[in-house]
């Protein structure tokens, strides 16, 4: 009996795996492009996998991931635009594909690759994106970097998490495959590049560091506070390690700006009520609120911001508060919230709206923040390679350091520490305010549309009313 | 000489008193029987002696050593081995290991332990089943297994809780012969038993419990004739 | 029953294992770095599965806090390196030991709490640990956002070598370190699990009261058994931390550490040591390579396969398969 | 200030306690009755929220109907899980950890892949009412009422009806109940049904308070675990008391020391309780 059971087991396994693979492959045709690239991988890799298992030569890489998944998709593109390629060049995408952001970033990178290939590729070589799933874990990220290096990728893109970045930092010098990260905001990374250039020069970040993020938030905070003579601010933050740099920067900057941290309230990701946070902030006489989350707290925050009728300006950032559907999802309770957005659908550069529209109609959702930078990062590398005329790292890096690239998210110029420069005319976040369902840009001032109004809350008989203030103020 | 002394032990479970001020003493190399109707506290007394339960009052003294607060396992090492009323073995372990577990925790030298185990298995006639899972054995073999587990502990005192229950007359005779032989070799027994006619045959002294109190103690026939015992045992013998 | 075994007997008995180990030991000659990397993680999980099985599989005390032991020593490694400036190589040795003793914090409740209560109680440990590590002010000192960053094991040595040899050196060093630790922990625990020691633990699992009455000092045994399982687990944690910095909460994470381990133990056949080892080995590789097969759907596929395993053979399937193969081999060599 | 503090702690303590009660109760039933860790609970919790979302948006069914139907569906699914996933793996209690857990993971992953890119929001009552000067969203009140009513109904069911009594009998002792002629498997299925329904109710009343994401099911599961263990397995009374203790302790810590510690302190508390009372507050001694 048990004999049959055991045979049964393996049959079952095979059937299941086959079924899942088949379904995944079929589902692909109907779903959006990233998934196409993903699922096409399936069919492609299956054959690959079979051959590997068929001839168990350890010299051939045993990983079915070896198949450059997107070949299929790029080929389909190629079919439409007949371009002669000299050959193929692989670029790695090291991303937490088990998170939405990872999938969106991969989609953006793939989108960039397709566009580049449609224009004839890089140095006449067809760009092939090789994805690797880090599962948001440092160890897997390290394995992924080695794997990609072994696949002969010329550059590794993505790298969203700071822990993932730190995990691969010491490998860079060993493998000499450069990284153009989008995300990984830890300032440690910048320090490392500055301290030991030779070991870490392969690291680039087509995004800003945590300190710069904090700086951007503080610019508008300081400006608004000056305008309305606020001196006490309350800070509501997600108590996870990523906010530590913001706290550190806040301590320094608040003294320069002559502001006092009236209340700092840390919350957990699975929070259900901000009543206590607002109560503390209000009772400590704060005049303005700064909020920073990375999870789904935005929704709860917006709800309680309205329910508690909090009569203070609340500016800050979350993962979803900048998305267009947020206002309706909260039933209009997001009214008056000021949100940071590291990429915004407004004609900052020629590329911005083009990318935004294309991305949105492909993925049925807006590009979440580092998605913009993932898209640009491939272009940055491609341009550097084009102007270097070679894929050789040692030649590409100096050019990257001098690069000034006009991308979808803004204008990229790398600092001493190989991080994108933060400045209103370079990379800079947009701050907008939710005004009756519209996202009205209020910062930086150079992009504020004429006739813009800022809604300032005021308490009248227990009810919160919005006072319209012309913006920017005279 | 006295081997085991139980001094005015009282054990309560919540409100109900399982043992009230029971005292007894067992001499070396004798077979001491304990009788009494169900719920008279026999098994509780066993649990107190073997350390599974701690008495609320009173003392247990084994070879002039107070063991009232000693772990059961340490008592086994001292030489007190017991069986349980409802047969208890380790069902998913081979017979050999059921016995070896005890042997190896009593003897530090594993060779002696092994020798001891094979000796016990031979005496109890389980050598054939040494490799089988204990759960698969017949009731008689299970009793023998429990018995063997007592033997390997190099015991001075063996406490059997209803050893004859559920055995055929022949099996009982076999068991009795083993007990007597071991007794000749200097072991001491305390036996709880309902089948009085067998107990009377082998026991030197008998104590009768009723509702947690000692009602009689002495030679088997005396106890059997004791009015309180008869009253307690109406319809049993 | 007590016949002394000759060397030939021993070899014949363990032929299967010897062959497998030989293959694995010689693998680095042919395999590529990625496979080695994957295997390193696989071995770590084999160690975890075996250690978990040695205590929980036998005594029935389901220790859902196993990832706590693993992560604790990982963090200790980081702390030793960052705050006491101890080089990684030595920090690992120290942290393994400290972690073992630290893990006693998890054991002590088990001396009173039984069954499912112990399981949940031990599950709370990693959760609380993560909560503490990610919360200010502790998070300031325990790594902040990127995790505790320590210098990779042997990195200095590697940098001294010529570029061509560096990678090979690192990979082989890591591979063999984890391999040796895996083999050592497996052999030690396997031997123990099938002699008096192991059967005493099993007796606790089957009837703790009886086992005490049969002369086994249960408290003592539980502590010994737990420490034995903890020492290997925490050395695995420290070693892995040294090989895969930075140290983040992933080292404690129930999902990423405990889950594969527990699964391997159950699907492998609890208490058999070798079953879980095989299960951990195959399942980790399966999960790794499912990516290539079904892409994003890997977790779903993996879970369905697990479900199939469990429903077909709740007692654990890999041990049976092992026995079958072994009997086959015995037949072949007569 | 102190007074407002107490006021807030009390109000939100009550609110959260009922939340926890509403999902811990169902879990406690399964956990106590069948002595199985019903990890599928997380999956059911997530599934019912998404199911309702789909019914609303894709099928355009009115809110109430879609809510009720999704709850019912979850209840049925729970029975199916009980029959085809839990029961077969009962031979080995350890296996239940895996078999029930896989369900949760499959649900989570499927929704993560299919619609995980951005959270979805369920329709909530938007209004706000003021209790003793504390503004509270009507959704909270809805949760309070629903949680209270459902818990109350379950408690009545358990204490009055025959099946309910038998459930508790089984909770006391599986075997003895079989001896006195209760069919444990029938009871088991009823329990599964109730658990599923409660999971659905809790999910659908709570989800509007926050966003719906694929991984939303786990934290309720963990809290339920903690509460059931704190209260003592198989003791409904224990569960009720424990969820109030948990709710108030958590709120107190939140207000006094900040939300960061609110998720740690109650768990640490439970560790202590278990060390001193190894079978929880109301659990029966071995």
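We call the chains A, B, C and D, going by the order they appear; numbering starts again at 1 in every chain.
Operating definition for what follows: contacts are C-beta pairs under 8 Å (C-beta built on N, C-alpha and C of every residue); 3 or more make two chains touch, one makes a residue touch a chain.
Note that this is a predicted model, so its numbers are computed, not measured.
Placing every chain at the mean of its C-alpha atoms, the farthest one from chain B is found to be A. Chain C and chain D, compared by their mean Cα positions, are separated by 33 Å. Chain centres here are Cα means. That of chain A falls 74 Å from that of chain B. Measuring from the averaged C-alpha position of chain A to that of chain C gives a distance of 35 Å. Residues of chain B in contact with at least two other chains: none.
Listed for chain C are residues 135-136, 296-297, 299-300, 304, each touching two or more other chains. Residues of chain A in contact with at least two other chains: 98, 103, 239, 266.
Annotation, chain-chain contacts: A-C, A-D, B-C, C-D (touch as defined at the top). On the side of chain C, the complex with chain D involves touching residues 62, 108-109, 112-114, 116-117, 119-121, 123-125, 127-128, 131-132, 135-136, 259, 262-263, 265-267, 270, 296-297, 299-300, 303-304, 306-307, 310-311, 314-316.
Across the complex, chain B meets chain C through its residues 50-52, 71-74, 76-77, 82, 84, 88-93, 96-97, 100-102, 104-106, 110, 113-114, 118, 130, 149, 153. Interface residues of chain C facing chain B in the complex, by the touch rule stated above, are 1-2, 196, 199-200, 202-203, 206-207, 209-218.
The touching residues of chain C, counted against chain A in their complex, run 27, 30-35, 37-38, 41, 134-136, 139-140, 143-147, 149, 151-152, 155, 158-159, 166-167, 170, 240, 244-246, 248, 250, 256, 288-297, 299-301, 304-305, 308-309, 312-313, 317, 320-321, 324.
Residues 1, 4, 8, 12, 15-16, 19, 112, 116-121, 124, 126, 128, 134-137, 206, 209-211, 213, 219, 254-255, 258-260, 262-263 of chain D touch chain A in their complex.
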